[in-house]
């Protein structure tokens, strides 16, 4: 069973298991590596998407951001909160862009929630996700429904809550991620650079949403 | 017999005739009109030539310059010298360019030579041409052989001197004008904007020389 | 990409190195990745610090306006990219003499998030700060959504006016008040004829036909009000003026400053042709122009086009606008 | 033709109208066809008048440098065309306070003929005048034919230095001497990436490949030393420096000013990238840079490219270069 799948299973069931009672720095590093590979591979595709309704840089942002985190993993402390904080710093300092700042804001929220813990019980993960969404919305002065990264994250959060069984969890999350993208495609972007394009964003996926969707996909693929 | 032909005949023979004992303001106006028509017609062609080794404006210069002179002809006084002076002023003030300044310099030289005369004996015309060439060379700080307007004018001056008979004069001048162009074609321009193109001007006619060649042609054609 | 550069990755670093080497009397390079440019004598005792920031590629904006009677520090990002929050935080630290710091910058999403984050970072260190956003581009959102408008030429007036106020050792509240007043007094509109190329992207930011212009386009190539055949200068100026006046009506007797700004490639000659018409229109309306600014004040590298900004003055703003300032790109009056 | 203009025929007239409307404190429009721009308070009693002239399309050159501590009057032609002799003559009359007039301009054939003619015209009116030609472009003729070289960035130094000397009420002989000294102290070289379009011509002055540059090209597109693939900034700067130093060797301990000038579209960012390298090379040679000028000082409308000028200073030139001046495009120091 992959880390992510195990993570989700446990998150959903609410019970911890003996072998792997929680999310550790080591697991964080593994997760980062899986996601980083996906971001490197998808970088150009993401740039092109951002180019349609933005400045064409979200692929660079993600590639550089994940590389910056990878460069720090060797120094990650056992304290998961501190490790998350280092992730946030690596991500922002590599390159400033809306998404980098939002992503770092989310990581910082997670850092705060997990400060001082060497092992984060899996069932606390939804709380981390909630905290991240909340802080990111504050930072972006944006609301759910604006067709941003937040909507994709909220869909994932919802899927975790509603998944019917442990085994189907990763599928459910993956489907929800895909569905959210689809649902928002024909709505206009109301935040960021894309906002200025107004109705021209209808029919185009929001780049930030696609990033989250790809990250989920990378975890699902890793499990196969 | 056209004015020009008569002019040349008499210049060459050195004798004046009763009917038309000299060059008057009226004849100056007729000459200007003939030349102006040619310049208007050749303007674009001249620009294109100047564009090869210069800034592509000599056609505009000539068109505007002759038009400016034509606008003044109604006010030309009987004094040929003053009329020439008005020509010079009209030509320079319409548009500054090397050729306009040189042409005006030549006209001013002619003005000085003919000041106070209402009729200029035809046999004085070579003197006017000499004066013009001299002053233009001083103004342009240039020498014969530099492949400029001066070389074309010098060739015409030479042809007048050497023409074998009155009747053949216009033909001789016309041929000399054509021959000078041909002789200089494969030499490099050593003055003006063209100089900077150096050997790239070999094989290209000097625009200023072509102007003079066309003016002669207009007089020959007017006679036919 | 027809640019004079070495590695696109080093474009900003080399540009800043050259800028600071050329004008060490105005610009000192410090901070994370050298992306903070600060007045050599900052922080100035007792003076409110003014900090800005934003993407590179807009010289003189942002870095260029660090100077006497202007800004104390700027955090500068990659071309058209926000600086990072820690760079902004460092700029604030450098500018802070204890009298507090005004964060004065353009209303772009990424910048706002990073300036907010930086503000929170230094707040914990005891640095008091305020924010004024310049959001003057009328083409970027309707009047009802003014707070969504992006900042453009109005930044120049806000920098100048707030800088002069801080120069007179007003307190943070006062400096913030006039900065906001200046920002509110400005309206701008842009138009573009050709795009520019972000070095790291290597290709033009947008495409536009050989005979086309875009009215209302943003300085990063954001779409505008309409795109169509290139009009004559007077028609363009008339429409720009109209769009501004529809948003902020002026009346006889008003005094304004006017900024006719090249986005880069548009030469001064064309700015003056346009100014000529704008002045004639304002003359007809009985509006007086004070200290017109006609040059490159806020650019997008080699973009062809211009922006028009009108800043409605009162006595206070006029006085501050005319007060001395001194940086490598702009000098007003004299310091003695 | 992507330009903001009305009728190309009125390009210069409207540009001058806008310029004088914007800056009446510096520029007054007089003379035949309004093509003479003069300081409003000229002629200045007891002061030698300095007059320049040349084609339009090069702002700030020529007209823009009419100002305090700079020029008294300029005669301005159509785009890239000489002014007429009677326009130049009128500029000289306007500048003449009785102390004589220096004709200070660039070595272009048409200009020389017209300035000479104008000189002869006003001589008859009793105006004493001298000539200094700026001929600093090393690419335009070999060292043996220096007198055939065209004028470019060196004009800026000659204007500034002669202007400062005249400002100190030196006599015509002295002003002429330092002007000549400044002209002799300068060497320049240009390079271009894209052409510009003369409005009346309506199409670009030359063609050049998408990945090509031309080294040594003149400001009107005159052919240069070589044309080939666009090189990296440091390679370009190194070659430009080399061409200048081959012509005018510098030695350890020399003091120079450096002008890195955009021909129009090339943004300040790229000038600073280039300056960074030039300074590093001169540093290595032990040559000190004084008052570097990095901006648009002499342009060709929207041409992409730059010129590099090096002006070797002695104490006298340095002092005059740093003296105050004030025009709409350039301010040095303070008048008080």
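Read from first to last, the chains carry the letters A, B, C and D; within each, the first residue is number 1.
Just so we're on the same page, contacts are C-beta pairs under 8 Å (C-beta built on N, C-alpha and C of every residue); 3 or more make two chains touch, one makes a residue touch a chain.
These numbers were taken from a predicted model, which means no experiment stands behind them.
J.: Under the document's definition of touching, what chains do chain B and chain C have as common neighbours?
T.: Joint contacts, listed by label: D.
J.: For chain A, which other chain has the most distant CA centre?
T.: B
J.: Could you grab the centroid distance between chain B and chain D? Build each centroid from C-alpha atoms only and quote it in angstrom.
T.: Averaging C-alpha atoms per chain gives centres 35 Å apart.
J.: Whole-Å distance, chain A centre to chain B centre, using C-alpha means?
T.: 83
J.: How many angstrom lie between the CA centroids of chain C and chain D, rounded to a whole number?
T.: Using C-alpha averages as centres, the distance is 29 Å.
J.: Mind pulling the chain A residues that touch 2 or more other chains?
T.: Not one residue in chain A touches at least two other chains.
J.: Would you mind listing the residues of chain C that make contact with two or more other chains?
T.: none
J.: Classify the inter-chain contact topology: is it line, ring, star, complete, or other?
T.: Contact pattern: an open line, chains touching in sequence.
J.: Between which chains does touch occur?
T.: A-C, B-D, C-D
J.: Mind listing the chain B positions that touch chain D in their complex?
T.: 55-57, 60, 89, 92-93, 95-98, 101-102, 104-105, 139-141, 191-193, 195-197, 200
J.: State the interface residues of chain C toward chain D in the complex, per the touch definition above.
T.: 2-6, 11, 14-19, 21-22, 56-57, 59-60, 64, 193-194, 210, 230, 232-234, 236, 264-276, 279, 292, 294-296, 299, 301-302, 304, 306, 329, 331, 334-336
J.: Can you list the residues on chain C that touch chain A in the complex?
T.: 32-33, 77-78, 80-87, 109-110, 112-114, 116-117, 140-141, 148, 150, 198, 200-201, 205, 218, 220, 222-223
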